[in-house]
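To start, the structure itself, in structure tokens.
Naming follows writing order (A, B, C and D), and every chain is counted from residue 1.
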Amino acid sequence: MRNTARLLIACPDQRGIVAAVAGFVAEHGGNLLDADQHTDKEHGEFFMRAAIEREGFGLDRNTFAAAWEPMARRFHMQWSIFWGQPLKRMAVLVSRQSHCLIDLLWRWKSNELDVELPLILGNHPDCADVARDARVPFEYCPVRPGDKARQEQQVLGLLADAKADFLVLARYMQILTPDFVRTMPNRIINIHHSFLPAFAGGSPYKAAYERGVKMIGATSHYVTDDLDAGPIIAQDTVPTSHRDTIDDMVRKGRDLERLVLARAVHLHVADKILVSNNKTVVFD
Amino acid sequence: MRNTARLLIACPDQRGIVAAVAGFVAEHGGNLLDADQHTDKEHGEFFMRAAIEREGFGLDRNTFAAAWEPMARRFHMQWSIFWGQPLKRMAVLVSRQSHCLIDLLWRWKSNELDVELPLILGNHPDCADVARDARVPFEYCPVRPGDKARQEQQVLGLLADAKADFLVLARYMQILTPDFVRTMPNRIINIHHSFLPAFAGGSPYKAAYERGVKMIGATSHYVTDDLDAGPIIAQDTVPTSHRDTIDDMVRKGRDLERLVLARAVHLHVADKILVSNNKTVVFD
Amino acid sequence: MRNTARLLIACPDQRGIVAAVAGFVAEHGGNLLDADQHTDKEHGEFFMRAAIEREGFGLDRNTFAAAWEPMARRFHMQWSIFWGQPLKRMAVLVSRQSHCLIDLLWRWKSNELDVELPLILGNHPDCADVARDARVPFEYCPVRPGDKARQEQQVLGLLADAKADFLVLARYMQILTPDFVRTMPNRIINIHHSFLPAFAGGSPYKAAYERGVKMIGATSHYVTDDLDAGPIIAQDTVPTSHRDTIDDMVRKGRDLERLVLARAVHLHVADKILVSNNKTVVFD
Amino acid sequence: MRNTARLLIACPDQRGIVAAVAGFVAEHGGNLLDADQHTDKEHGEFFMRAAIEREGFGLDRNTFAAAWEPMARRFHMQWSIFWGQPLKRMAVLVSRQSHCLIDLLWRWKSNELDVELPLILGNHPDCADVARDARVPFEYCPVRPGDKARQEQQVLGLLADAKADFLVLARYMQILTPDFVRTMPNRIINIHHSFLPAFAGGSPYKAAYERGVKMIGATSHYVTDDLDAGPIIAQDTVPTSHRDTIDDMVRKGRDLERLVLARAVHLHVADKILVSNNKTVVFD
């Protein structure tokens, strides 16, 4: 994956885009490894992810934009390219619970997650030990009553210092302000401990238990201003029964949360997600 | 299954209920094939399903109630017993779509569903052919504007004539009135084309599409006054992606609906469901 | 789907194929709706499915091959194109059990399966009624002991008369001879009532029951000379428990078989399957 | 769970067992919280798990056996009882891979697994760090060529010193000898990285990849003399596609392995598993 550039494109749908992109890549000696597309007929939008072998490709991070610009203008493209290296820098924001954090750390140590992990932040100190065992710097950023703005400034400063490219909320129990969210559009990944839009809000397992549902779920999504309503990246469900107490549901839910969050982070790291109209196109 | 009596019990939790019930059965020469229990600690309630081999059991439909009554009084039980035979009589109420009906008919013909099926009713005539091919009487009961009460009286009359024990709404698109629901408590089974409580209401696939969910679901539940909020019997989900159009979601949903409804009917027919506090205890 | 031509390509992997194909389509005024690719690095093979809007495309079934030939030669392509219309003609071969047949018929009648269905054949007469109710011709082709060759000739003759494009074995319990299979390579779809390669052979549910498995599965595959070892198209599993009798497993298995076979037929009809090295590439 | 005694019974099926057991418990002042049964009609065997509240129960670990003996003799029972406390003592045996071990450790630290964890053993030193971070003793027990017997003696000695009640093979890549297995019947839990019996043997993911399967699985089972053929406790599957490389399959498989092994350990710890005829009865 480190030897592959990923080009993401969104533009109004019209004929010839794939041919034009594929032709451009070929013209510069590149090998097109994958070229996923999707057309949203409802909105007349076209989405594409092109994976280009870097070896042999005549363009690099310094020269690509200039060469590509005419194409982008011709098709009114929004686009971005990621060169595989240097690796994306991931920061993780936690509260008290560690299960999602531990899971991410294990995947990172096992080379499943091809990222740098320069920083873990917590509004509680509970996960400091987990971070220390993993030899990742931990910063304690408590939220003092009535002063969330100050804490968010602290977090943003630390993220900037760590040069974090994206932020994973690994069961972070605070609501981020619109000001914070605005600084990292489609680069904050949350895990919601519920099958959204069912049981949006604070105590979904309790709500699910009281409703007597036969399955519970988890949802990973990008964070937007509208709480719990951001573009969904991944979801999954697991059966429950009347024998499950709320604690059992929480336990089953934790297993799901870990897997669903990891899947979302994986997709983000591989530049497989495009966002439009508050929905994701996921080229998996 | 036809040679097994099923006794369902709900009562305040206390010591010795299982022993008392099992002792009663043994005392009358019965063989206890299964004795599932569940204690709802939150509400202090006890639930039990006892399956008793009829062969050798000294009690029958005429003598059971009198013999059992002291036990029922001692533990303040709500109880019911079903003797395996004669079979339960199932009626099916449909609108235009036939997929759930066809599925139920096929299972019935394959001896998967151990019921009599004396009657299919429709507020549209569309499913008449399906019923005729299956050699089951079909009654057309249209809803005239402003006169739903009259149609429900017609349906109730036909159900009474057919001696129907329970009613399956196989994608019936009308809302039943509380008066109707009251006549068959916990004996009307609905399939909701959604993963309740997400997307409750009329066009869940459209809502799910617009929300960009990565899974859709279906929910089967008993019908209560509160639309879409009755006790859930069975649920399931299936993955979707950005490539799925609304039509694709509808198609995937239909497959789910058929399976989930069939599962719920199966459980009901085998007397494996107890209802309490608007939740089900399902001994599967 | 009827307005879309589907071009399937397999060739040795090299640079520039996507660009060349996309360029070809654009040059002839075509709109490339989808262009899925897959590179099998292990074998150095490239696979592509291009969906081309027929409206505006300057080539048709009469002119395409000549225009395309230079491209095919240049990249050493194996290729095929399907024009969306006329519809593919599906024949179904059954034995005694009807559940898969009924399911296919229902999907066909519901316009889920965009095919012509000119013929159902059975080596037993049991499904004749189902065929008649669906108004599809049924041919009874019994296998007389020691004379399977003759029956297969009869079947092949009827398939030819019906101009069948592909054949679905909907729980057909006879083994086809290599001679038969050779006439329809990658155009005979089977449903195996097991999670291959586990419990290949004749009584998989019994074998699964005796092994005490906690899940059973179903596998749909193209038929090859090597019994049950053809390229897998679709698989799925469902949980079981010690409470399931063999009959329960059969019943759960039937539900799976229907769904998995329908999924495979769907993919075949939409020209989404390529076969290589006895494996499928499925662009779903 | 610590306040609940669990009584497991297996005996020839006959009338009145539930009544007798429930009566015994009631007679000694016990509250029967759960009384799951299963009758294996094929072999005429009866299985039961009774969960008894310890508070109020007139028997304890010193007095139970004498009081119970007449019942056991009358019904020819094999039985065991576990008193909830002291906790079961779990040892874990690993090789190089740590993902299952890390998962078990996390669940143990999160109080999901109600066990003591006195010892981790490895035939490679790779997991020593993980054990140290978790503050659990680690013993390195290498297998020298031609001298497995000596290593197994070492392991058995360490298990005895640690008073281990059961042993979890968390991706242990050595085959245990029958002599070893015999010392802990139905108390060694293995995770097999495949969907048994498909792809039993050494490189299941490679085999699955080459067969082109669309799902992979994992199986947890008790270890018996017959390699990979012991009683299955839990299984699960996950979808794959042609896009998955062997590495992807291994990665997906690891996630499954962790979950399936944890589920099996959970069931064992809660005394919810009975074994008979090389199959499990799992009261979950």
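In the analysis below, contacts are C-beta pairs under 8 Å (C-beta built on N, C-alpha and C of every residue); 3 or more make two chains touch, one makes a residue touch a chain.
These figures come from a predicted structure and were not determined experimentally.
Farthest from subunit D, judged by the mean position of CA atoms in each chain, is C. Interface comparison, A-C versus B-C: the higher count of C-beta contacts falls to A-C. The centroid of the Cα atoms in subunit B and the matching centroid in subunit C are 37 Å apart. For this pair, subunit C with subunit D, the centres built from the Cα atoms lie 42 Å apart. Under the contact definition stated at the top, not a single residue of subunit C touches 2 or more other chains. On the subunit D side of its complex with subunit A, the touching residues are 99, 102, 106, 110, 112, 133, 251, 255, 259, 262.
Across the interface of their complex, subunit D is touched by residues 15-16, 18-23, 25-26, 29-37, 39, 56 of subunit B.
Interface residues of subunit C facing subunit D in the complex, by the touch rule stated above, are 38, 40-41, 195-199, 211-215, 217, 231-237, 241-243, 245, 278-282.
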